Structure formats: structure tokens, C-alpha cells
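Each of the two complexes below includes chain A, the first together with chain B, the second together with chain C.
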Partner chain A sequence: MMRLTCPFCGARELHEFQFHKTAPEPGANPFAAVYERVNRTDISQEYWQHLHGCRAWLYVSRNPSTGEVYQVHLLGTQS
Partner chain B sequence: MSVRAPRYSAWSLLRGRFSGPGFWRPLWSGRQLQKAYDVVVVGAGGHGLATAYHLARDHGVRRVAVLEKRLVGYGNVGRNTTIVRSNYLLPQNHYFYEDALRRWETLSRDLNYNVMYSPRGVLDLALSDGEMVSLARRGNAMRLAGIDAELMDRAGVMKFAKELVPAGTRRFDIVGGLLQQRGGTVRHDAVAWGYARAASALGVDIIEDCEVTGLVTTAGVATGVETSQGPVAAGQVVFAVAGHTGAIGTMLGVPLPVETHLLQAMVTEPIKPLINSVLIYVHPHGEVYILQSDRGGVVMGGFLDGFPSYTREGRWSRLEDVVQSAVALLPQIAGLRVLRHWAGTNDMTMDGSFIIDRIRYDNVFLNGGWCYGGFKSIPASGAACAQFVATGTAPDLIRAHTLSRFASGHLLDERGGGPFPVRL
Partner chain C sequence: MTLRRALSTRRGHRVTSQSVSFQFDGREYTAQAGDTVASALLAHGVRLFGRSVKYRRPRGVFAAGPEEPNALLTVGTQPCVIPNVSAPQLAITPQLITRSQNRWPSLRVDLHALLQAGSGFLGAGFYYKTFMWPSWRTYETMIRHLAGLGEAPGAADIAPPHVEYVSCDVLVGGAGAAGLAAALAAARAGARVVVCEREPQAGGELEFETATIDEQSATEWVSSALAELARAGARVLYHTAIVGGSDGLVIAHAEPGGGAKDNTVYRIRPQKFVMAMGAVERGIAFVDNDRPGVMLLGAAERYLARYGVAVGKELVLFGNHDRLYASAQRLHAAGMRIRAIIDTRGDVSAVTIGLRARLTGMGVECLGGHAVAEVHGAHGVRRICVVDLQAPGTKIFIECDALLVSGGWTPMLQAALHDGGQREFAAQAGGFVANAQPEWRTAVGACAGTFELSVLLTESFRAAAQLSQSVGAMGVVGRAPVGRGDTAPQLQAFWRSACTRAQEKRQFVDLQNDVTVADLRLALSEGFVDIEHIKRYTTLGIGTEQGRTGGLLGAAIVAELKGEPLSRVGVSRTRPPYQPMTLSSLAGLNQGDALRVTRRTPLHAWNQANGAVFEPAEYWLRTRYYRANGTDAFTAGIQEATQVRAHGGILDGSTLGKIEIAGADAAAFLDRLYLTKASTMKVGRSKYMVNLREDGMVLDDGIVLRLAPNRFLATTGSGHAEHMLSHFEHYRALEWSHRQVAITNLTEAWAVIVVAGPESRAALIRVLGEAWHARLSGLTHMDFSVSRWNGQTLRVLRASFSGELAFELHCQHGIAVPLWEALVAAGLQPYGLEALDILRVEKGYLVSSEMNGEATPQDLGMDGLVNLGNECVGRAMLGRPAFAEPQRPRLVGLRACDGKSVIQGGAQITLTTTDTHALGHVSSSVYSPALGQWIALAFVARDRAAPGTVLVARDPLRGTDVDVVVTSPVHVDSSSERMKA
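Presenting the complex of A and B:
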């Protein structure tokens, strides 16, 4: 996985982005939302920020075992 | 049934030299998977093998199996930068890592296998006054615990690490450093092979190409594991799977405070002796550690790639960052060619300290969350984890490293960085 496609800026190099954390399960309690992570080897749904670009918060789903990126959405607009 | 490997000595090596190829036996014999064991250890890396070795040696557990998905030493025990040290800040960590360092000092004799412990010194560098204050704080904490630490000014660093004498213009000059002289390197593959050989000689079954796919439970108690070679009954199960710790949590239905990140390392072509110790510099945007292997290659590593991955394929920008930092410290190495680079999967916890605790069931144990400290802690982890499994009580050294500390607020936050493994 060398590039992510920002909805505003297009495909950009990975070092422009910062990974924040995996998205908590729906209805996770506050402790789980802060400390626990969803560790799946087939799909990972994550919060990222285009920190060194437009600074948009992104919702990325990708496969952490192959590096394939499935989708990048603006955070809050993911289905 | 067990094929005893010859005990190594100067005499046996000499005899082996003249006895022809039949003298050398496999270090651990290829045993068949049995139907039932007292303890099944999942993962034949450093921690799994050391745990099995101590279970058999110290606690007389008869039937122990180590099940490995791939090969002995395929994971992080063969992918690290071989550094051992005990220069930690928090008492719960530095007493534990000091126990490990003391065990490294005698490990070759204990295992009857040369692990090439080299106490060449680990030197943390400071390039600013603020970094000196931070190093002094850590050094003082170590000295209060009776661990060797020496704070050096610029002249002291330049005298100890002559390779740092400027061979070009250094953008930021060295202000000082913190030296742990007993720290250094250990030949990483030899640790896996030595533990496997010693455990095998004590009757431990080491089964490669045997993936554990599930846990078998009856009435709230684990009774065995499902594997790619069929079911195995087990009195107790220990998971020591490093980068796949989070996946084990998912398998057991226990979300863990763990993320899996890649950590890269690389080695250059061999050169004549240049770097005498292990040089470490942690800066606001990453870090770099540099040493020279016994073969002459310059080994370098740095910070995590920064997002969850199991690919073991590193990211290019991190590689660049490590090389730039290394060349900034040692301009002499700028022309060297990198021979190999690789990545390991690190199980990063939310406070930067490891976990050895029961997980979900009374007879299932988790040995994981090692962050950057996995390799250097192997001997202490094996001894402590084996004692926990055999006696049911966690030894004092790992009493604080529970899984429940995250919920109760008793975090061991060495870095003081909050619930994120990666925040630069």
C-alpha cells in the first residue's frame, strides 16, 4: 500500500497521511472505544487524517494482510 | 524416542571436525504430533520456545508441545536488530528487563549453545539540552534500581564512540549520551535454535507447519486446540504469537488493547570494523539505531511504519527516514549499499508495555504485546511465563503486566504518550 486516494486531493503518497486508530465497533463502550482495537487480518476499518495535505479526516477500509485498499471516504460519509 | 544432540564442548567440536558429516545431528528432532499434552505453546519464536524450555527444565512439566505455523524462528526472533538492554524508566519494566539482561549474560552456558552475547554497550545519544535532561532522568531511575547507567557529556561520548568524530558537517552536534555498558547484541537466530535444541533435549515436542486454528472449550474451560494437523488436547494453552496477538484476541472473542505494526530493519554490505557499540538516537519525528554485525554489515532500524499491517513488507518512506537519520549521525556510511531490508510484525499495546496474563479462560495464557521489547526480554519472559503457567501465580516481575490494567487505570506508560502506539 503505497498511496491513498484522498476524496479532495486524489491519489497521494502514504507519508502525507497519518493513521489514527481502527474504527470502534458500533455501540462500543467508552473504555473499548479508547483502549481496545479491532484486530482482523482480512479487513481493517480505520480513521486516518490527510495530515500533511488538506487535513481532512478519512475513513479507510483496507486489507491489512495484502495491503489492498478497498475504499477511502471522508469521515462521516462512509456507508 | 528422543534423539539426544551431542553436548557441545571444545572436545566435541574437535571430534566433530574429524568425524565426518554424520556427527552433526539436527538441533531439534522432527517429532510427531501427539494426541494430548499438559501444556501446548502456540508459536515457536523466542518467547514460546523459552516458555517451553523453562516449563520442562524448572517445573518438570512432562508433556509440552510447541506448535508453529511456519518454521522455528520465522517470526520476529529472526527479524529483530539483535539489541539487548535494560535501560527502561518505569520500575515494573526495568526490573524485568534487568532480569532478562542477567540471563543473557549466562545464556550460552545454560543452553550449551553459543548465542554470542556481546556486551559492547548501548549508547543513547542526545543532540539537545532537553534530550540530555530526559536521558538523565532515565539514567537516574536505572541507577536507583541498581542498573548500570552512565551519563556522558560530549567529550565522554566522543571518547567512547570514536566513529562519531565528524567526517563531514553534522547539522546538529552531539550534546551527550547515556551509556549502558552491559547492553549490546545477541545473535538472534542462535537464540531460537539454542532454545529449540535445549527444549527438544528435555523432551519438548516442537511441531512445525502446524497452524492453530481454534480453541476447544468445554463448560468454560479450554480443553485443547484445533490445528491444521488435527485436534490436540491440552491441559493448558499458552499463546506466544507476537504480531498475531491481536488476531488471537479476535479468535477468542476478547478485543485486545493491541495493534499490529510493521517495524523495518536493514543491513548494508560488510565493511571493516567501524561502529563499536549500539548507537540509538530518538528524535521528535522518529528514531534510529545503528550497530555493526560481527560479519561487518551495518544494521539499522527505526520507527514503526505507523498503521496496522500483517504483510511484512515495509513502507519506503520509513526506510528513507531511517537512512537519513543514520547518515546524519554517521556521515561515513553514506556511500554504503543496503544488501537486505525486511519487516517484522510488532504487537503494540496501548501503553507500550507487554502483557503476560490469563485470557478469557483460567487455563489459557497470553504472552504478548511486546512492542519493541520482544527480543531483549526472551529469557526473562520464558522463565516468568513458565512459572505463571506451572504454579498459577504470576511472579513479582510480571505482576503489574496484566490485561486488566488498561481497564483499572494502572497503565505502564513508559513513553507517556496516551492510548496510541504511534504518535509522533
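Presenting the complex of A and C:
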């Protein structure tokens, strides 16, 4: 089972988190941000919430093909 | 009946002399404590354990572990049965009741088998090809009755499993020679070690090996290794199989004694995982190789060593490697008579020639370069036919009652193929072994294709030492254990004996699923060339057996039939779990009451005591209606709604979502999230407000109260509070992390009592007392006032979801029940959701049936709010041209033209009774006591939505077509005179 490292709580199992959606490309127009989602297999930028934990909203970059998680940081702390 | 135990001189290290009894197919059998059902029945000379799933062929025990394809039993009596329990794993416990499967009326005489005797064998896809007229569905029920493995339980009777979370530095799967060597290295290095062994004891093949390790007998070495592991604090879990896992999590399942009665699911998070799960012996295909009495050689050795059971009186051994001879010596030494050893290898080493000579001296006929072609005896092996591979015409017949087969060992790669793990073909193993693995795990021993004891001890010891170092366990590991007296098995691939095309129908490849060589040939001829397609077409390797004994064999025969190397054909992927688990075990703790939270309001107990009929609404239990008010929900709902409009009523509205938004930037934050502005609201006022999703669809609505300049309370739909909380938090994080906004969910902090109806104000003044008189009289629509009642905070908001003069009382839990009781005493009758629904549909108010995620604010008639022009989340999308198209449905009211027909919720709106093009649908419908007829809220294409338009509400499912006329969604009191009274 995939784990994400919450900046507050440390490495936690997937079932503590809730996936929200893939993040829109930076600077995308409103229509593209809502409808034109990229579906990359090498890197996926996603919004998650540590819902059954500290409730922090997270920005997660991971590889959907291998399951490798590249980076997790608090949403809003980094552009 | 002679006890087969009496035939052997071995005691069996797992059994004691204590006697126990159990039931099999209605008969009592005695066994020794420690026996499994398979060993006990074998001891009694029972050979027939069940019938096969497709042809209903008689079948006996074939293996001695979870790979058993035939001897699957049903445990218990209906409705509380567990099907498909492997007899070799099922420990005998008091009052154990077991039954054979796939037979009717009895195991000896099966009607289906008799029927099939006339029709011959059914090839792959037979049912689908044959039962086509008029359609497969005509026959499906009957065929499904015959198909399937075992019977499903009629009731759940299994306690949830224990679930244990384990973390460790090094997890070792399997406590055979390789696993123990690896565990020793890791433990010496100082790693935290967990070992999972699916058998009740460690040692694996060492159980009956004659080899020595570190100058001790194999079994002595196992004991000393376990003692050392215990001293080092390593944890060894027996009866525990690695069943699956992914992303660094390994799932192990312990089921002591089989049958799921007392099982544990381990969720293990190791830093490193050493896979030493070994290999499973496989068979060889020959004609009628499925007869009871044909058994894996290693299984026969296990029944002897563990339980002291001789699987036959007159044995023949058949295989393609050197281990046949050591086995024969052990079986012979235990007092069993070996008639012959049939070795497919003609060209053998000097060592093998020596082995043969020794056994020939003991009276065993050793036939090199021969193979078993056919078995005779319908209910059990009576005689075998052996052919010389160099001179196929010559046949030798040998009488025997057990034929022990060994075609080599198939590495168990289940865990090794998860998470992108790879396998490769290894000629010396005759099959596929684990190779490239993710960095956190490694395969050793037979899993990696090493079968020679001395080599695998060293290799796995070193691999584990290295892994331990990589996780910081740097202790001195010393030297690897040294094994002696065991050599490589010198396997020469041999998959099946020659036979005629007709006989291929009786050369079984997958015993559990009745897949024969003929099926594989048929699948290939019909164009199924990939091994995964062949698996799905023929059922090769499905079921509980998952191709352990037959998967590689099938692939090798496909390779032969295709004329391709096995390395290119590959084997089909197996699926977790490694051995059968009940659904209850898979669910873990997520079952029964623990599956879902149930929330009850502070008034729940009162409601329950006063005849409330509850209905789940998301996590909440809400009152649907009160029994005293009618015989059913329909009549009670009408009575309660009528009472509200005539006099007044009270509703438990505690489920209302309540989220507090506070801070210097709270007003600006709400402006961003709602369609209209919160910042323009005065303190003490409230406002009906709507949220949009980012795509412009209405997400939720509610009343927002301004409690203080920097403090708001946003109410949300019942059951939406969690979602709306996340929604608020998301936007705060996304766009507002540098601003001051605090968001708190207060849903459960406040009880809510709704007081509605023309008499509500007067009743409320009587209940709350004169102190509240002026306050309540002065409250205009959407005003609120906060004070205290009985010493606790009470907030009274004048707002209405019924169209009547109404108040929402937000109170602290301590006064909820006294306040409610006082209101009842003041003559207000409690009402429930049925009445609430009638009242809100009459007034054209919305719930999630209307705010269904497909409706924009304009669709819902909120053009006025949109036109205020507040820039909020989702607003940018509202200008999309598609939202203004004439066919786009918008909210309207509907009534039946005849004033009496029922309009069904969900009915499609069409132009005529024959039209199949829907212009929209009915989202809510109720019988309106105020109007004396059925009314509805519906979505209808804008260009057909003008009031007075006559349309049809078609409900083909329930067979009703009703002529309806479009009205305003507000059916009652459209000028809101009652509400603002």
C-alpha cells in the first residue's frame, strides 16, 4: 500500500489520505484548468488531503506507473 | 480396514497418540491429535475426497499443502459453511464436520458424472458454444447451478480477523533452509527480523532430508537455528503465509488449522524483504493422471514424516530427477513396498547409476528412460502402463495402489511479481525464477532457482547479510551455514507422455479446473495463442490452486504444441491471495458496525422512545416519520405536513452542517467561495447562499450567519458538512495560506430544532418566556438573535425550509431535550423527513436531487444571484455557451393534467406518450396535501419549460405515462406571505 509522507505527521498509509484531483498546469486558463487534465504516466501532480490525520492539504508529485512518490509538500507553501 | 499408519514404521512427528474424531460425508472417523483431515482419511485408506468441477471425475489427495487441487472440503453445516478448505491444511478440531464437493447425490454416485459419461468430454468453451439458442441466458441458471467450486455460505458466521500491524528491518518469507539461513544472517547483524512460515513448523524440505548442515542432522540444525533466532529476538510466525501486498506493504495471513475460524491478518511494513518461499512440486501429464492414488512424491514423503501415514501399500515412483532415489530409500526404510522407479532420463550420471544399483538390490525395479503412459482403475490406481521412451511400442504393466509423481519444482513467484518484480527462464530449474526485483526485496533459494542445499545456504545467508547492512544493521554475521550430502537434482525436463489425440482428453494438466492437453490444443487451434488468453479460455491456473502444480506444466505443453521454447511462451500471472482467504479476512476490521460511522443526534433517544422510524442520511440516523401519525411513511408524512401548515410542528434538524469561518479575512474568503457576497452582510443578519464547484455546477447551499464582524457560521446540507469542510480547507490552502482564516466544523457542537408553522412564534414565546418576547417579535425573516435559556446558549434564527413562518433554534446539547419537550408540551407536533420533503417540494426548495452536480445556478432559477456579479470559484465557467442552449434543462414545477395521477420520481419528460427522446426528468415528487394532488420538481429543456406547456412524464420501468403541465417550481405561497408573516 502506497505511503505518503505528511509534512506534519510523517509517513502514513494511503487509507489516511484522500485524493482530490490532479493539479492544473500552472497558468492554465479556467477552462483548461477544469477540463483539460494531463494524464502523464511519468509524473503526476496531485492534490491530496490528510483527511484522517491532520487534515493538511498536500501537493504530491508521484509516478503513477511505478508508484514512486517524488515529493509531498503543503499546498500553498510553494508555487 | 487396515490403518495405513500401521503399514509404516514411522511415528509421524506432528501427531500424538491421543485420539480425536471428526466427520466426513456423514461418517465418523477417528484420528490422532495433530492429524489433518487429509492425513486422517488417508490413514483410514480413504482415497476418494471429491469430484472434479467440470467432469465430476473421482479425485483423491494430490498434494500436502495449499497447492492441493483436488481435496477441497466444505467445513461446517449450512448456513455457516466455509467452502474450498484444503484437506491437507485442515487440522482436526472437536466437532469438525466436513463434506466433499462437486457431487450429487453422493461422492460415490454422482448424477452429473453419469450424464457426462454418455456425452463424452466437453472441450474449452463448450457451454458457450453449445447453449446459444435462443440465448445463453436460457441455460445460464441451470449451468451455473452445476458450475463453481463448492457452495457459498448462507450466513456470515466468521468473527472478524485479528489485524496486526508489524514493522521490521528484515522480513523473511519462508522458514525453509534458505529462509532460516537468511534470518540468521539478519539477526546476527542486529536487524529486527520477522519470519513468516506457512507451515506449523520451520524447516521446509529439511523435514525429511538426509543431508547435514554444520555437522548436524538437518532437523538438529533447524532447532539450533530457531533457538539462535529466539535469543536474538527475531519473531517467527507459523501457520502464516505471505498472501500479497504492494508498495512496500506485505500482507501475511495466519490461519492455524485452516477453516478461517481464528485467523490473523498481518500488515507488515519491512525495510527489506527476503523471499524464500521455495518451490512447489509439479506433476507430469499422462493418461488418467488424475486418478485417486496418483500423488506428488513430496506429498507422500510429508504424510509419512509428519503423520506416519503410508499413502499406499504398493508404490511406484515416477519422475525426471535424482531425488526419486533418495525418496525411495526413505519410503522403503519406513516399511513401504516400492514396486518400481520410472525415471524418464535415459542418459544419467554415474551417481544415479549407483543409486539405481543400490535400490535394485533392495528389490526395486529401476526403469531408466521409461515413462508412465496410462493409469488403470476408475476410483483409484490399480495398475499402470509404462512405455520405453526409445521403443514406444513396448508396454510394461505394473500393479500398484499409489503412483508418486515428481516432475520438478516450480518456484513460487507470487510475491516476486508484485510491484514490477521480474522473472526469467532458468533452464536448470526447468521453469521461471525471480530475477530483477525492486530494491527493497530479494529472492533467494528455490524462489531464485537454487535447489542445491550447500549453494542456497550460502547465497541466502550472504544476500540477507548485505540487505541488513543496507538498513544499518552492521553486526558481525560470521560464516554461512555449510550444507553437505545434498546435490543438485539433475532435472531433465519432461512434461507429458506420448499418447493419441483421443487420449489427450484424459491427460490432465490442471486438476482443479479439469484442463486437459486436448483443451490446450483446442485453444491454440481457435487462435488463443498468448498464455494469458489460453488461461482465460481454458481456465488453466485459475481457482484456489493458481497454477501451482499445473501452471508451468500447461505452459510447457503449450510450448510443445506451438513448437516454441517455453521461455518465450511464459507462464500466466497468478493473483493474490496466495492461498484462499474468506472475504471476512480480506475486509479485516472494516465490517459490521465498524464499517461505517453512525451518528445520532442529541434528540435520538427521545425520538426513539416516541415512535420515530429512522432513515440513514449519510452518516446520520434521521427521523423519517413518527408511528403515531400514520400507518406508513406516506400517510404519516401527509398528516405531519398538514399539521405544520395548519398549526405548527418541530423537526430535529441537528444534522444540519455548521462550519464556523473566523478571522480577519473571513468575509473576503467567503466572498470567494459563495456565489453572492458575505462581506456586505450586517452582523446579526443571515443570508441564503450558494457554493459552486470549479466547473460552475451548484455544489451546496445553506444559510450563512454573520455572528461578529470577523466570524461567520456557514450551514451546509445535512451530510455535506465533511465535504464542505474539505472544500473550504482546500481553497484556504490553495489561495489563502498567507491570510487569516480559521475554519472549524461545529456540526456536532450544536443541536438544531426547527419550529415551523403559523403558530410557531406564539408557541416559542410561551416556551422561552417573556424575556424572549420582544426579541422574537422583532425578528424579521433571516434575522437571528442569541441569548440564553436554562443557563445555556440558544441562538434563534428566523428562517424557513417549509414556506411557513419558522425558526431554527441552535442550542447546546444540554438543553436540546428539555427545549424539545417544552415545545411538544406547547402543542407543537414533531415531524420527520417525509413531511419535510412534502413541505419543501411544495415551496420549490432544493435538495441534492436538484443540486445533483449537473445543474448550474441558472438551471436552478438563480439567475438573480448570478447577476449580482460576485467573482467566486466556478463563476468563470458559467458563461459557457452550452449552458445557455435551448435544450439545456432547467428547474420547473409539474402537476398532472388530470389533477390526480401519480407523478413518479425519476420519470423521463417527453413530448408525447410515444416519444423516446427525453427533454428532462422528474427530480422530486410528492403528494401535496395543501393542493390535494401530486406535484413535482423537474428539469425540462428551456425551450419547453414555459408555464402551461403540456408534456408527458414517462416511466417505462413502472409502466406509467402521465400528462403533466409545467408550472412554477413554487407550488405553494409563491409570494411568501406565510413565511414572512
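We adopt the following convention: the second predicted complex is superposed on the first by the 76 of 79 C-alpha atoms of A that agree within 3 Å, B and C clash if a C-alpha of one lies under 4 Å from a C-alpha of the other, contacts with A are read in each partner's own complex, and residues count from 1 in each chain.
We take it that a residue touches a chain if its C-beta (ideal position, glycine included) is under 8 Å from a C-beta of that chain, and two chains touch if they have at least 3 such contacts.
Predicted model only: the values in this text are computed from it and were never measured.
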| item | value |
| --- | --- |
| First, second, both or neither for A:Val38, with chain B first and chain C second | first |
| Chain B versus chain C as contact partner of A:Arg55, first or second or both or neither | second |
| First (chain B), second (chain C), both or neither touched by A:Glu46 | first |
| Touching partner for A:Pro30 - first (chain B), second (chain C), both, neither | second |
| Contacts of A:Pro64 with chain B and chain C, given as first, second, both or neither | first |
| First (chain B), second (chain C), both or neither touched by A:Cys9 | neither |
| Which of chain B and chain C A:Gln18 touches, first, second, both or neither | both |
| Residues of chain A at both interfaces, chain B in one complex, chain C in the other | 1-2, 13-14, 18, 20, 31, 34-35, 66-67 |
| Chain B-facing residues of chain A, complex | 1-2, 13-15, 18-22, 25, 31-32, 34-41, 44, 46, 48, 64-67 |
| Residues on chain B engaged by chain A in the complex (per definition of touch) | 244-247, 249-250, 255-260, 306-311, 313, 315-317, 350, 406-407, 419-420, 422 |
| Footprint of chain A on chain C - complex, ascending | 245-249, 267, 419-420, 694-695, 726, 729-730, 732-738, 876-877, 880 |
| Sites on chain A touched by chain C in the complex | 1-3, 13-14, 18, 20, 30-31, 33-35, 47, 49, 51, 55-57, 66-67, 74-77 |
